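Notes follow the structure.
Going in written order, the chains are labelled A, B and C, and every chain counts its residues from 1.
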């Protein structure tokens, strides 16, 4: 496997007259935690959808795990994991049933699935609620579960769309610890977030404004370049000049 | 007041933007009118009949000719033997076989009596009945002409039939009122209930409830657009009925619209009620469909006469608002009746409306507590 | 294949856990069957009528008795004022007014003709037609018996007997003209259609609305697997409901089952796929459950009305009958009736069954094609 997990070149997506993602060019290294930041409406989710094969680009090139997003979208799906903003677990199914279902979809079954499922449940501390319906779990647990399911099949890259939205700081911390652990195993983590403090945890961070990447570097590099004390300040400085997003 | 107006405007916008639903909402009455006006009928036209003529004489020929000349029938074939009947019926196109016994004319002259067998495919009993009745009528005409060729006027009692209110027996006159009721139920009850439960499902209801809008404001705001849509639909149906299908309108337009508005309110209150007991759209939809729409179509007298139903179902039909509305509309349109004849039905509809409005309002208030 | 297994497992779990759904899937069809079967009839039970008898003679009273003796006609009001009688008609208290003129008996005796007027409430044309044919029949019969009797008695001579043609009705397949026998097969079709059309497609739209579909689109799941996972559970449920319905029809309603049940189930299986594929197609063009349901409902109503369930296809004008050729509901209703009630077999229905299969294949192909995991 190459050292580059994701590479894009002038990746663009237009909806009619509106250019949501404008000539995106960047690389994500294997095993790194890549923070994909941006204001609402900047184009983050659209970009992520193109990389996960949910949306096809209007123009430009992109390769995920060495596979082309235009022609090999289905093959890419075998190699990636995804946690959507809405956590997409089935509320009326139990923890165990959700794991079994998604595991099965990715080709895990039998004793292999059972073993992995046991490991997963223990690692997120959900053994006691295995047979509880997901609807009954508190938000933080649901999100932990969703994340674990997204890496159940040992993907090369995992895409996380606002995984810590609405969750308390303690759980957020735990979540990031898991992400470090996962990254340590060689899985590339591509995460979008609103929480600027979380940006500090990433290996590298990019900031999107109006469909383009206006900044891309390590957190320290960004703070130095913009003479800011925190990523938040960097973000505010860049976002101020934005034309799109919340008024 | 301004918040309320803003809310109502938003509701209208949401509906207008949903082009797919709008197309169906406006297209549906038109298409249904066309269907009921032209296609859905109980009139008998061009029914295929076959003849097994074992006599092949002058009398049978005359009768066969009369049958063929009638608009109701189309002579589709002649059989040679009784055995062919079964296969013919099984193939499904022929609905009646008329069998003349051997020596028909002779028997008539000699004995004064001759027999014709009318074999009908009675899988559809109504059609069979009608076909038999028409055939009988044609043969009776022939018999009458046999018995008094010179006098012209046969002796004795002549039944003279006067068809009241709907002399041409047009099915469309029967169906149009029912159509109005069904469409109003669909829009005012079904759509409303789904619209309100959608807010609940998406979680917006709580937001609305903590806003300065009072609960009855919310309900009125949600319901207003569908009221407007309903009225537009009623007008559309009426215009089509009157000008395209010549459905009579004997009574007062004003009275009709008042009653129609009452029924719309009934339907709306039912829609609101359903939304107060359903938690998500699917449930609301199923309850509306199974509990409201289906009974309206089947038990209200829309297509099948209430008087034909067994007693328990007749009792059940009393609980269906559309049944009362149908009586009202049919009487206004075809008989020209006024409030003096229809006060009872109007009262019942009003009571039903008030009841459901009251219950729904109470349920909404309870939610706030 | 395993993937489909997992999908089916999930779907069935969800279906059976959905408290609100269960009664709809299993109870509602039965209730519908029961209510519909009894409600959907044009049978004349009773005809209330008003009598205006200006003759008040033996003959007029005998005629009135004859009407009442049939069991259909019920004397509701008697008056000397025609206006009042018509008012009863206006109010809806009676369906018919019979007016017997003064001098009926005398006219009958001396052989002149006399009119008896039947004013019938014709709002419901079908019922009115039946009332007319019964009423006219009774009067004509009466005329024949009494008229001749009277004339012979009074004039003392032999009057030439009028010629009579006897009409012997024979009702095949349904000798009692039982409405239920006719309606139930068609109603079973409606039941199966509702489940097929609404549930699968609605389910997909619901997943789209909630967002779980996105999670599935990102997995390596293939289109056909996803769709099979959505269709198969409801196909099974639909067939199950049909079986229950058939049981009820046979043992509850005593509908004759002349033909082969195997044939029925095979055709039903094909039909369900057609209807489900239609629901699927609708789900690919709608965004919300409300839209999907509304459009599906509309299509279903049109198909059912045009399918010959409530009113015969033979009554439709030419162009409408042509349209029926594209209506899967019409085919299935016809097949059901032919097989169950007349004992038709593959020889008679193979063409219709093939058309259904063709429809199913086409609809499935189009909707699978339209369903995209990647938006373009």
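Everything that follows uses one rule, which is that a residue touches a chain if its C-beta (ideal position, glycine included) is under 8 Å from a C-beta of that chain, and two chains touch if they have at least 3 such contacts.
Remember, predicted model here, so these are calculated numbers, not experimental data.
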item	value
From subunit B, the most remote chain by mean C-alpha position	A
Pair joined by more contacting C-beta pairs (A-C or B-C)	B-C
Inter-chain centre distance, subunit A versus subunit C - centres from mean C-alpha coordinates, in Å	56
Whole-Å separation of chain centres (CA-atom averages), subunit B against subunit C	12
Subunit C: positions in contact with at least two other chains	none
Residue numbers on subunit A that touch subunit C, as the complex places them	52-56, 73-74, 77-78, 80, 82, 84-86, 88-90, 92-93, 97, 100-102, 104-107, 109
Of subunit B, residues touching subunit C in the complex	18, 20-21, 24-25, 28, 31-32, 35-36, 38-48, 85, 89-92, 95, 108, 112-130, 132-133, 135-137, 139-140, 142-143, 146-147, 153-167, 169-171, 173-174, 186, 191, 194-195, 198, 279-283, 285-286, 289-290, 294-295, 298-299, 303-305, 307-310, 313, 327, 330-331, 334-335, 337, 341
Residues of subunit C touching subunit A in the complex	2-3, 5-7, 9-10, 13-14, 17-18, 210-212, 214-222, 373-376
Complex contact set, residues of subunit C against subunit B	20-21, 24, 28, 31-32, 35-36, 38-46, 63, 89-92, 95, 104, 108, 111-130, 132-133, 135-137, 139-140, 142-144, 147, 151, 161-175, 177-179, 181-182, 202, 206, 285-286, 288-291, 293-295, 297-298, 301-302, 305-306, 310-312, 314-317, 320, 334, 337-338, 341-344, 348
